[in-house]
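In the two complexes that follow, subunit A is the common piece, with subunit B as its partner first and subunit C second.
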Partner chain A sequence: MPGRYRESPLKKPSRAYIALGLEGSANKLGAGVIKHDVDGSMEVLSNVRHTYITPPGEGFLPRDTAQHHREWALTVIKDAVAKANITMHDLDCICYTKGPGMGAPLQSVALVARTLSLLYEKPLVGVNHCVGHIEMGRQVTGAQNPVVLYVSGGNTQVIAYSRQCYRIFGETLDIAVGNCLDRFARVINLSNDPSPGYNIEQEAKKGKRLVPLPYTTKGMDVSLSGILTSIEAYTSDRRYRPQGEPFEESEDIITPADLCFSLQETVFSMLVEITERAMAHIGSKEVLIVGGVGCNERLQEMMGIMAQERNGLVFATDERFCIDNGIMIAQAGLLSYRMGFHTLLAKSTCTQRFRTDEVHVAWRP
Partner chain B sequence: MSPTQQLLQSADLISQGAEAAIYKAYLRQLPTSGQAKNVGSDSPCHEVLEPVLLKYRFHKRYRHPSLDTSLTRQRIAGESRALMRCMKSGVNVPGIRMVDVNEGVLGIEWIEGKSVRQLLPGGAELEDIDELEEMDEVEDTDATDALVEYGVSRDALMDMIGVEIAKMHSSDVIHGDLTTSNMMLKEKTRDLILIDFGLAYYSTLVEDKAVDLYVLERAFASTHPDSEPLFSGVLAAYEKRMGKNWVPIKRRLDDVRLRGRKRSMVG
Partner chain C sequence: MSESSWHTVTIRVPFANPKHANIAMQVIDVDQELQREAVKRNLAVDGNDLVATFATSTVRLARLTTNGFLENVDLVARTIGEFGEDSERKPVLFR
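Then we have the complex of A and B:
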């Protein structure tokens, strides 16, 4: 908490620690090697990722995604270990995503982690995906005690740290913001490469017209499914032109770019608003944006304006750390491993539902 | 400069939240017809200045300007409508003095008094104190003294809270943010006044009323230690006032309590 200093329970390591992190809770398969040095510094030795990309208009299905992960797991891990210039024997622990995420992809990656653990006799550490994002964001940006906006394809939460727990202040009541954007990208047939959200962002830059959409903040929470329905409805509006070209100069039209623009402006305003409320409530001046949607520059810009008005600071990372990756799992896993935590083989399950506030954050004061 | 802006400039900033800034300003009271002949001269000594509270929903620069304008309009209008509705049904709320949707300013009656939070044990700390911190033991004497000074017993206060909420719910207004900070005991009349209708809306649903009560229960529990007997006093008065409408609300409130966190996280 600001103004009150407590000693960190995490002691400086007596030797260098190295951990491998494996992530595969959605369509990204990631492996990363991280090193915690004796002086307390962190070094990313490697960060390899392979994304399962589906054709435009299609989302990724659990079974196909799991198959993608199985096919690529060995290549990605070998690559990560080689780039880190270590051998598997140098590792202290193997960290994997325990949840939340899609069941089948999580299971395939957990299986790989278990196998590696048995082969090389390394302890396993199961990691909460959301906590991985937060810890990586804190480490990369140096934010001390920020309010965290975690926005991705599967999660939308406003989080603040309190007494060794990441407390959820506000969240989505239905679908995640990334899900909302991705599904709309599919409706207007945008490419999934590199990601639907990125293509929405590029399209939105060309948009000029703000169409009215519902604005659904509910206290600290937001609801997004209704916004998706109403933006979809605009694509069957008489004024909608999928090609974005008016038949005549003066014609009143709505283009896909306008819709992307309106969707972003509305949804991001709601997110910034609930984040601001959380900041005002706990009296924090720092915001950290993590998760895949956190790469969006418009969201970062809006958050920046809000933070500036409150004399605060906004912290965000780039796509290497925002989008799901193995490094963040290694970082959060290694932190808890250094606090003496590891997951027994018999308990090394994974789960689709794993709330951020269920994790005991032993390494923070 | 519009008259509203002039008024804002003359006002003192009281507090600034995420949504709005609160100011105290003075309005000149119009002479009533009986006094009219006395106020022939414009001398300021005859002027009666009435204090008002201005709630200024300032422009949010991060939002698209047209989105921001329409939201501010909606929220100011919604808050004033809820207040009007309450007033018509005889709920004790601050009177409306001015509404300017274009500037985003709502002017309401200035209430001199203390918030219920300050009058109950545990709530004496400053309102903006970090609620996440361990609650340091605060002497409850301050709060009790204040209540004694007002000549109102704690039970009577709980009773008044229950009655006011019941009156509000009977007129189908849902407050949306019932906490002990959003209720005041007026110094002059010893009336309980409900304030801050920024999240209020109109609904006839039992669900919404039950959730409203649940929000208050949580607020009691988080700010006032050992609040169970206090809150049950509120509910008893509410029950009495609601009459036969209480049964479905009671049933739903029990359901809502079981819900806890809204959902287990997916994906």
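Then we have the complex of A and C:
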């Protein structure tokens, strides 16, 4: 990596720090406790999550999701604190997702965070959801300075770090890749348990045929809404068989598995391309994949092939950290808290739009 | 439309003590109403009670605002109920 050596502004702490992180920007309600110790180590004490799963063919709407979070918040938080073997009094700060995400669910979690903050007289730390993913990915994988591909149901961004800012190199021009996959899963009525993306991945493994789809990279960015329209149109194609079985032997058919396979191959290739562009631009050899779609092993495989051709490495985490969780909020929150940042109660609102590059990354050189 | 023809709703929520009522007020007051021109909100503490007064330009808004407020105050009240006692039990530090 070009650039002169800069000393990290984050020093080893003089005492252990513990933070609680609360996440609820989409349909996952998570609470996690992290500990930063005097030797510089960062330990996950607990990571508890409950997901709001809708019936097949249905997405999750803000009002019902917020209701789910209100029902589960206290249980999940108590569970996380108990599993971490601490009391609320041991916490240094309470971190919560300030944004981006869905308004009502975010606000439900913020209400609980504020209440706990006043009851236990602990400072609040508002955290950017995207930065949370990045910091947890860095911590778990140990990647030094990777190009980050952040792909989830709500976000699709290619990010690189420079001078205390996570800069967005490329992103989706319309919908997120996870959103595209989830909405297609609804069209073919796949189960949402454990997540629609997981079920698309399993279905795609049975695919035998690659159907033509638009390939819409736009320079450093991607566009996905047109691909969604195209793949949905295939379900009206006369060759499409929803049950996956031909009416007669040796018929030319398209199955749901073929469509899942084609969709994944196309969108993942596009993501690999824009990631490679960013890598070439800044001369990086590492890729870190974060966000729910990062669990997808086919995406990891394709990224790995590209990285290997450039003598690079791909870093990814498992579903505990890929999928939205509370511990990533605790991690990013505690890092900024240790650099002197906190959120005043009157300012502890939530916002649906919160750009990754709006955050001052004070803890990195 | 003059404000004298607006619809008003007053809700009283009792808490265990004024401290808890104050916490609830502070927590809920942070978020602004989504339609600030059409919904006026006032939160206050009277003894052990949180008193919320809403003035809205339409009946529909009165229903939505009241419903939203009650959902939020229920969450805050349950949180205080769950953690309130434990928060009073400050640990004694031995140095």
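We take it that the second predicted complex is superposed on the first by the 361 of 365 C-alpha atoms of A that agree within 3 Å, B and C clash if a C-alpha of one lies under 4 Å from a C-alpha of the other, contacts with A are read in each partner's own complex, and residues count from 1 in each chain.
Operating definition for what follows: contacts are C-beta pairs under 8 Å (C-beta built on N, C-alpha and C of every residue); 3 or more make two chains touch, one makes a residue touch a chain.
Keep in mind that what you see is a predicted model, and the values were worked out from it rather than measured.
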Superpose on subunit A as described above, then tell me if subunit B and subunit C fit or clash. fit
Applying the document's definition of touch, where does A:306 land relative to subunit B and subunit C: first, second, both, or neither? first
By residue count, is subunit A touched more by subunit B or by subunit C? B
In the superposed arrangement, does A:345 touch subunit B (first), subunit C (second), both or neither? second
Counting only touches as set out at the top, which of subunit B and subunit C does A:73 meet: first, second, both, neither? second
First (subunit B), second (subunit C), both or neither touched by A:353: first
For A:118, decide between first (touching subunit B), second (touching subunit C), both and neither. second
Tell me which partner A:89 touches in the superposition: subunit B (first), subunit C (second), both or neither. second
Mind checking the angle subunit B, subunit A, subunit C on Cα centres after superposing, to the nearest 10 degrees? 130
Touch test for A:276: subunit B only (first), subunit C only (second), both, or neither? first
Quick check on the superposed model: minimum Cα to Cα separation from subunit B to subunit C, whole Å please. 18
I'd like to check the shared interface: which positions of subunit A are touched by both subunit B and subunit C across the two complexes? none
Okay, in this complex, where on subunit A does subunit C touch? 66-67, 70, 73-74, 78, 87-89, 107-108, 110-112, 114-116, 118-120, 345-346, 348-350
Touch list for subunit A against partner subunit B, complex: 1, 4, 26, 100-102, 153-155, 160, 162-163, 167-168, 171, 173, 176, 179, 210, 212, 215, 219, 221, 265-266, 269, 272-273, 276-277, 279-283, 302-303, 305-306, 309, 352-356
Quick one: in the complex, what on subunit B touches subunit A? 17-19, 60-64, 66-67, 70-71, 128, 130-133, 176-177, 199, 261-267
Subunit A partner contacts - residues on subunit C that touch it in the complex: 23-24, 26-28, 30-32, 71-72, 74-76, 78-80, 82-84, 86-87, 90-91
